[in-house]
Each structure stands twice: as structure tokens, then as C-alpha cells.
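Could you have a look at this structure, given as C-alpha cells, before my questions?
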């Protein structure tokens, strides 16, 4: 359970841009990766404050520590691709292009939120960016993802559906049924298992007879890799390879992204189940601070640039909070809206 | 002459011919021909992509139906029977029924789920449930129970045209029912109950598999001079309360027939609604004739004793009219 | 002073001390201390074999509880919330509830399943269900809804002593409720409703999470001169119909409070039973105050608007008495 | 899908008694194996007739062709062990020691049946022989089996729970959750997967991305073997090894028993999905006729002995039918019995 123990043997992790030869484009891209991770981090730090202020209520699951996963994977996706995520999805939504404003407004429950305020933190949705939630049933999104992929297959569209889920979800029957169907039907899905070693308070050793989750996928004859999920470039490179294969019709692929959650599971969690030293050890591998160091070493980041990034990210977060604060409450009179479609054109789907 | 089974098959076939977004998915719908032979022959006509056999993975293939629906398809998912739907009910309740709401109106789910329901074939305690009422409890779903060949033929296209998830319950005992179906039979509304026989003394309310028994009882009641109106609910969610109340206000008495275990069955909702909407019109307490509170026993005589029979409906109706 | 949470913990602890066949199994019951902190500290006292953390495998660990029960243990299986019980409902309905019957009386299942239920904490559409009524529909199960600290403490030992499967619903909003618990508090019966406040004009019937609202409403009704009796159902299956009818025959009016979506909720069964058993004693239609027919919305004001509130109970009660 | 294709590579299958050196005890045992298989075969052939006569109703799933599996595995079990089976369980019940009489009476629905007539063909139960059903939900028995095993573990009893299920069940989420739990908790379960290549009309290639089911178990770090399920001695030998390991506390084991169903799935099945030639090819490997030949070659069986066996089996079946015919119908007055335990002593469990 120490970072060393989850050190990555896999070749995919090694494929990364050489430090010294960074081109301008590469430098730009690297800074963008850092910026994206920082956007998640700062937004969520603010969320934690707002939760204490009781502006955000219900469950709030922070992604802090795992940012490299969402940021890395999203690089491999095209606008027409689809994303299915979990209740720990603020980062995914943000990086995918859902605005910080509508995400924050959603967490407030304001009608300007990306789900009209109805969903809250666990149910961010945005059809414009093909972000299909936001699912609070562990492993509940997996069947949905293969359905989206099936629709693409049947409609001859070379798209990818990226499906995020945790290590805990792997124990669910839904995982098994879904992976089998995906492989059997050769569906274009990129399974992204965010292995942060815990499902709430249950360590993976107490949940899985086989803790090497990448091996699980093999039982369905699905190509899979274990990736260092604390290294955004390793994630990006693996995701690009896998997404390209999926898009090329090579069937579903599976990435196990080895990461760690720095914060409590949710705001209710007293964290009795893990040692502060373990958390501290993992914090040494913070995907943002390690990447910051790396970019400095590579000579593509200096104090000034970093300050500029932080400043713009800070402004974005401030702006999002202001937007949410200024947002409005839906009238109680429309309480029973969104139960059935409102009589309207024949539309219906989000494709 | 055709059968209920044929009518469902015809409905599926025409939907698939009319709209290539429609496909059928479920266990043994293809090579086997459907566990009730509903889809026999369709694999040859439409091929394995559109008549899609699934493994025994109810949760995943129902969820895949939801995903395919939001991805632009018009899936018909067949769950062999309501008994196995319990393995998929999480996806139906927590995903299909909630997506539109949780997304603030962005994601409707144009999915049709068909399944067989009911008892009467001596297949015992794990294969004889009647859980239509559970699904009818869930906002976001629409729930249909075609009891006639016309409805078996006509409800499916309407359900497929609906932007939201629709569940169709086909009572297993009906598949062999024979009758005429006009050549131009087509879509029928799915928001109205139907008066199958008019009467003035008591309203018998039934749906799906119990309509036949209610009509049988009405016949027997007629012989003893009691005029029974028979109402076929057709749609369990939304309930056509107006039609029910209109009838009961005329007859002043009602008997509800429901094959499910009595306690907590859908019949209770109908009973409560009638009281709420027509209390001062009632000349007697609304009666219910339901399944006995026992897991379905295997032997024929015990199973039949556990199910609502015409004789019990007659007795209940007589009690309400007092003769 | 103690809390509802403490009372449940104490009940589990004493059961485990008294009988080493008893063990607790579920997601995060051990190291985490229970998702509602109910089992905090028990792992240290009893060790990981008897306070057994499970993976996220609701279907399998509930089924394992059934197997362990027929194997001679007395398992307490905790499902975090009723929402996730949908993943395990097949085992509960098709195995736990049927084994005794299918085996011709050979295999009873002395299993207790506990789960949190209900809305009110802004956890939105997938985490706020109230499905007690579904379980109460199933012959073979017993279903409890402790609404008080005494019942939280006392129902568990009685359930564990029962030879058949018992499901206990703990409303999540109750865990922090404070109150006194006598030092000698122990087992209580699980087959009787309780009159929590006597009255003569109208009977308010509630259970689990809605009892507090009903009592609140009764207080407000008292202030305007309406004497409300408050009945706590306590057990949803079997229903203590006698106590309900006895009360309604005195008050001639009833209002049922149920947090679940109105259509097809358990309230309907209660309403129907009252009509069936006390039709001629009723001075008004039995009224229901239920959850709105909408997946639970996240924002506080909308969620509260979707739930049965004291004001609505007061209005309904006033309507039945006509003032 | 031909017999050749499922020919067994596994070493376990090879371990079998040498033809020429059969001792008297071994000869006796071999004839007993044959007898047991014949008991199932003849009983079920009669069932098929009785179904046509409408004496047996509802669903009836015949085991004909698969007899070597139940017979072989049962040899490895002790009286205190437990068995969990499916709706295709007449053979298992019979070999386990439930009498043909009470089995047949159960299929008639008579109260003298082993489940009091309430269960029928799919729900044979007998606590005396620790036969825990008879389950008509595919994969529904698996969680039950690990629960029984957990009870044994917690009560420090060195027992085995044998759990039978089909290839179709492997696709269910229950399979995945159960195997993981069993392996994680090191429970004493012997998983017996009866791979007859079809789930109703769905061939395994259309149901499983990985058709080598023994490999599935590896994903849970569970020892597993693929066995020729048409060879009763191969099954017995593998089951003995596996059961011994389970009993010795080595955790769950998995046997994939490769077999074939000669008859339709149930009496309703028109068998559109497979070729008669395929069935005929498999019939060449009939576990009873091939074993008969083998025993003759080994010199432990001759016409006279075989006739004696057939005669006694025939008598048993006749007797069972007579018993069932003479059985009585439960009164309708007790319809709602067996819903809750009748007020009685504190007993409760079947241990």
C-alpha cells in the first residue's frame, strides 16, 4: 500500500517525452496538462471550503490526488467521444469542457447548474460535451457505457466511450457482466479503472482476491495495462494508444490507473482505516507537484509562468463561485418537472 | 386468426422494418427464437446485430439498452420474465428512471423493455411473480399490461415512439390466446383504460392476465342478474384515474383483480384512489381479489387456489351488491 | 442520553455477546466503522471474522448471509442503504423468502438484514429511495421500521430470535435522534403497532422516518382543537391491522403518512385495508400524505417540497374532519 | 463445438485406474459408478414419459448425457458436506441419497415428495442428505453455497460445500461476486461448473469472451481444472483431489466439467439452435455406453451383471413411480403453510 508497492512495471508508463528535447508545442502541451490538473485541484479545494460553509450539501467526493488520471485520459478523446463517470467526477467534467461555472452552480443546486441543479455534485451531466454523468451507484455506469458504444457500433460511428470507475467497482457483478459483453461484442469502450486502493474504507486487499486489476481484464480476453496514475504523461500516452486502438475497431481496452485519494472518501469520512503516514507517503508523489518539478527541470516552467497559471485558475474558480452565488433557485412549482419528457419535437437522443 | 404471441412478433417486426434504430436484445431472442417463441424467425430476417442474443447478464444488457437509447437507438430489451428482472431492477430504477431528472432534462431514455409475467404454468415459487406494481411505483417509467391481441400488437409502436422508458408486461398465459387482428391494426394509445364490457351494478377492474377472469366473472354475474362493467386498466403508470372514477361513480361498487400477492399489490393503489376520488359515491367498500400470500406452489391445485379465480371475483362482486 | 445510532450499536453488541452464532457483515462495517458509524468500535471488540467487511458485492454477500443462516449462524447483514439493496433484491425475494416454502418447510432462514432508508439529506435521486413497501409485499419476509430509540434497541434481538428472514429499515435521518434508554432496555415485540399519542378526531398513521412529522402535525392539530391519535406502525409485514382498525373505528378518520412516491406506496395498502375493515365507520375518505412523484431532487428546498411535511399532514387531517 | 474440440488436455483427466489391475474393490466401485449413472438415466427417461402423460408439469430439465458429472463429483463428498445445485438437479439429488421415491413424488407435486410437493422438479430439497436445492435462478445458488461454507468456517467444521452450476451462469454477476468472495475469504467451496456448451439455445461462444472457463477462476487466484465430464472416473479423481484440498483448508477450488446435454433444454425447447449431427457426435461419447464398454474391456462387467443392474434400476424407477402415483395431494386448506416457520422449538437450522 506504499507508493513503492504500486510502482509501475509496465512499458506503457515508460513512453514519455524526453526532457531536453521539448519543442514549443510540447512545452505548451505540458503546461496545459499542468494547468488542467491545477484547475481541478483549485476548484475542489474551494468546494471543500464551500462544503464547510454549507453552500454545497449532500455528498461531496473530492478527486484531489487523482487529477493526473482524468487529465491524462481526456487528452485522448475527441469531441464526438462519450464519457461516463462516477460520483467523483468534478474533475472529469471540468477537463472535458463543462464550464467551472455550471459545475459550481450545480453543486450549489442552482438552476444554472449543468444539470439544472437537480443532480448536485454526484450527477453532473452535459450533453454538449457528451458527458453522461455522474452516477452514484458503484459500477452503475459500466452498462451504460457499453450501451453508448453499442449505439456507435450499430450506427457505424468510429467513436470511443470512456468509462471511469473505481477499484471498488471491480467487485460488483456489473463489472463482470459489462466487461464480458464489451469483449464479446467487440465494443468501442475504453475502461478506465481508477485504482486508488480504497473503496471508502475498504483497502483493495480486503476486497479483491486478485489485486492486480489489469489481470482481471485478461479473463475477458481484453487488452489491459497497469499505468502509473500519478504521472499525467504516462496516463496520456497509454490512453492515446488505447483510445486509438478502440477507435480503430480493435475492441474494448482496459487501463488500470494506479493512483491515490489524498482526501477523505466523502466529507463524512473520519478516515479511521488508513494511516496518516501512508497518506503522507503518497503525497510525495502528488501528480501536480511532481509534474511541476519535472517541467521546471525541463525548462518549460518558471515561477512567473506558474504564477500566471495559478492566477488564471484562481480567477476561473472565483468566477465560478460568483456565478453559482448569483444563480437562482428553481421554483417549487416546477417540482415534478423532468420526470417525463415535456411534449416537444421528436428529438430524444443526445447524439 | 392470430395469437397474442404472433401479434407481439408482428409489432416487433414492423417496428424494425420501419425504423432501423430499433433492435431487439435479450437472452435467447435469436437462435432459440425467444423463450416464449415470440421472436421466432426474426433472426433470419434481421440478422444477429439487430436480433441480438445476450449472455445471462440481465443487469448489463438492460443497462446497455439504456445506454443505446441515449446513444440514438430505439432498443427493445427483452427480459425473459419478470422474475429475472430483479437482477436488472437497479438499472431500471436507478438509471433508466432517473437520467432525465438527474440531468435536468437533458437525457431522455427512449427504451422499451418487454418481459413475461405471472403464474399459472406450474413453474413454482421463483418463476411465477407478478411484480408489475413495483415498476408502476417508479416515477420516470411508464408501465403497460396488454391484455388483448390488439394491445399486444398496438402498444409496442406507441411505446417505441415514446421519448421515455416504457415497460411492457406480457402475461405468459396469454401468448397462446387466439383472436382476430385487422390487417391494418396499428398503434394504440397507452394512456387510457378501456371498458371491455359495460355494466351498471359493479365495476370489475383488471389488467393483463386477470382480464379474462374478470370477463368470465362478469358473464357469471350476468346470469344471476348482476350487471358488471369490466374495465381493463391497460396502463399501470400513469393510471387512468378518470376512467376508473367515471365508471365507479356510475356503478357505486368496485372489485379489483390482481394476480399479485394481496398486501402491497397494485390493487391497493387502485382501491385507495377510488376511495380518494369517489368516497361519497361508494355503496360498499372497494373489494380486492388477489393472489394468496404464499410463494407460488408447484402443484396445479395449490397454484390455482393461490390465484384469483372467477368464482372469487363473483363472490366479491356479490358481496358488494349485497345479493 | 443516547442516540438511535447508539441504540442500534448496543443491540448488535449485546446480540454478539449473547450468541456467538451472531455476526455482522456488510460494506465498511469494520475498519470504516459503518457508513453511518453504527458499528464503530465493534471491529476492535469482536475482530474481523465477526465484524466482516465485504467488497462491493451486494448480491453475493446477501446471498452468503442466507447460506450462513441455513448453515447454523445468525447473520446480521448490513446493506448500506435501500438504494443498493436493488442489487441484492433477487436473493432476498427469490431465495430468502422462498426457501422455507420451496423446501416444504425444511429450510427456514434466520437472517436479519439491516439497511438505511429514506431521503432528506440532499443526496439526490439515486440515494434517497423509500422502498420498504416493496419488501413488505413479499410473503416469507418480515419487515420492521423502528421509529424510536427503544425500537432501534429492542427490535434487533427479537428479529434475531425469529426463525425467518427479517428486514430492518433504519431511516437515515433518525441516527442522530437523541433520547433516554432505560439501562434494562431489551427486546420488544415485532408484531404490534403502537399508539404514540392518543386522540379522538383523526388517526395519523406513520412509520420509520415519518413518525416525527406525524407527531409534529398532531401537536399543531391540538393547538387548533383537533385531537389526533398517532399510530406508529412499527412492523410493515405483518401489518397489525387490528390496532389500526381499532383506532380508526374510534376516530372515524385516518391520514397515512409515507415518504415513498405516492402511487403504489405502502400507504395504499393501509388505505385499502382501512376501507375493507372499517368502511361503515369512516366519516371521510382515508387520506394519504406521501412523497411527490419525482426522483428526489438535490436542492434542499425542492427535496423538502417532495417530502411529506407536517403542514401537509395538518391540512389533510383538517380536510378529513372538515375544519 | 464438436467433442474433439473439447477434448481434454488436462493431466487430471488422465489419472484413472489401470484396466487390468482392477481389484475386487475397484471393480465393485466401478460398477457402482455405472449403476449410479444408470439410475439417473433411467429415472429421467421415465420422467420424460411422465411429462408427456402430464403427470409431471411445469419445467422439466433433463440431465441425460451429463450423468458422469454428478456421479463423479458425489464420490468425493462426505455425509456432512453440503450440495447446492440448479433446476437440472434430479441426478444430483438421487446420487446424493435422496430416494427416487421422494424425488418422483416431488415431481408429481405430491406431499410425499422431498419438498412436500411444493417445489416440483426444479426445487428438490432434503436436509437429511444436506441437499440444499434445486434453484431456478441461474447462478442463484452460488451465493448460498459460500454462505454455507462461511458457516462451516465460522463454526470450525472441516466440511465442503459443492456448488453445481452451468456455463450460462458464468456470465452472471453473481458468479463474479461469489468467486471473488470465496477466494478472498478462503472458503471451503468446490465449484463445479457443468459446461455443456449451451445455456438454453445460446452456445458458449456467443456468451463468453473467454470460453475456457477454467481460466476464469484464475482471475480470482482460485485453483481450477478443466475435466472431461464424459468420463466418470476422470471426474471422480479430479473431484477427490479438489475436495481433499478444500477440506484441508486450502480454500475454494474450481472444476470445469466438460459435458453435453443430449436432450432439449427443457420440454418446451424445439432445439433450433444446434445441429443434430453435433448431438449425434456427442452421443458417441455417452458417459454410460463408453463406460460400459470400458468395464467390459476391464473384465469387470458382463451381460449378466449388466442385466442385473438394469433390472434393479428398473425396479427402483417402477417403485418410485408407484410411490408417486400412490402419493396424496396436499389439502387446499393448508395453502398458506410454509410461508413462515410454524411456532415450534427454537431449532431453525439444518446443521
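For reference, chains read A, B, C and D in written order, and residue numbers begin at 1 within each chain.
Simple rule for what comes next: a residue touches a chain if its C-beta (ideal position, glycine included) is under 8 Å from a C-beta of that chain, and two chains touch if they have at least 3 such contacts.
The structure presented is a predicted model; accordingly, all values stated were derived computationally and were not measured.
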(Q) For the interfaces A-C and A-B, which has the higher count of C-beta pairs in contact? (A) A-B
Q. Looking at C-alpha means, what's the farthest chain from chain A?
A. D
**Q.** Whole-Å gap between the CA centroids of chain B and chain C
**A.** 30
Q.
So the centre of each chain is just the mean of its C-alpha atoms; given that, what is the distance between chain B and chain D in Å?
A. 37
Q) Rounded to the nearest whole Å, what is the centre-to-centre distance of chain A and chain B, using the mean of the C-alpha atoms as each centre? A) 41
Q. Got the chain A residues that touch at least 2 other chains?
A. 117-119, 123, 135, 137, 140, 171-174, 177, 180, 184, 206-208, 336-339
Q.
Residues of chain B that contact two or more other chains, please.
A. 55, 57, 59-60, 83-84, 87, 90, 94, 101-102, 124-126, 139-140, 293-295, 297
Q) Within the complex, which stretch of chain D touches chain A? A) 171-177, 179-180, 183-184, 206-210, 215-216, 218-222
Q | chain B-touching residues of chain A, taken from the complex the two chains share | A | 82, 111, 113-119, 123, 125-127, 132-135, 137, 140, 142-152, 154-155, 173-174, 177-178, 180-181, 184, 336-342, 346-351
Q | Touching residues on chain B, where the partner in the complex is chain A | A | 23, 49-50, 54-55, 57, 59-73, 75, 90-91, 94-95, 99-108, 110, 139-140, 142, 163-164
(Q) For a test of understanding, state which residues of chain B touch chain D in their complex under the given definition. (A) 27-28, 30-33, 35, 37, 40, 53, 55-60, 83-84, 87, 121-127, 292-295, 297-302, 305-306
Q: Under the touch definition given earlier, write down the residues of chain B that touch chain C in their complex.
A: 59, 83-84, 86-87, 89-90, 93-94, 97-98, 101-102, 124-126, 129, 133-134, 136-140, 237, 239, 260-261, 263-269, 271-272, 275-276, 279, 282, 284-288, 293-295, 297
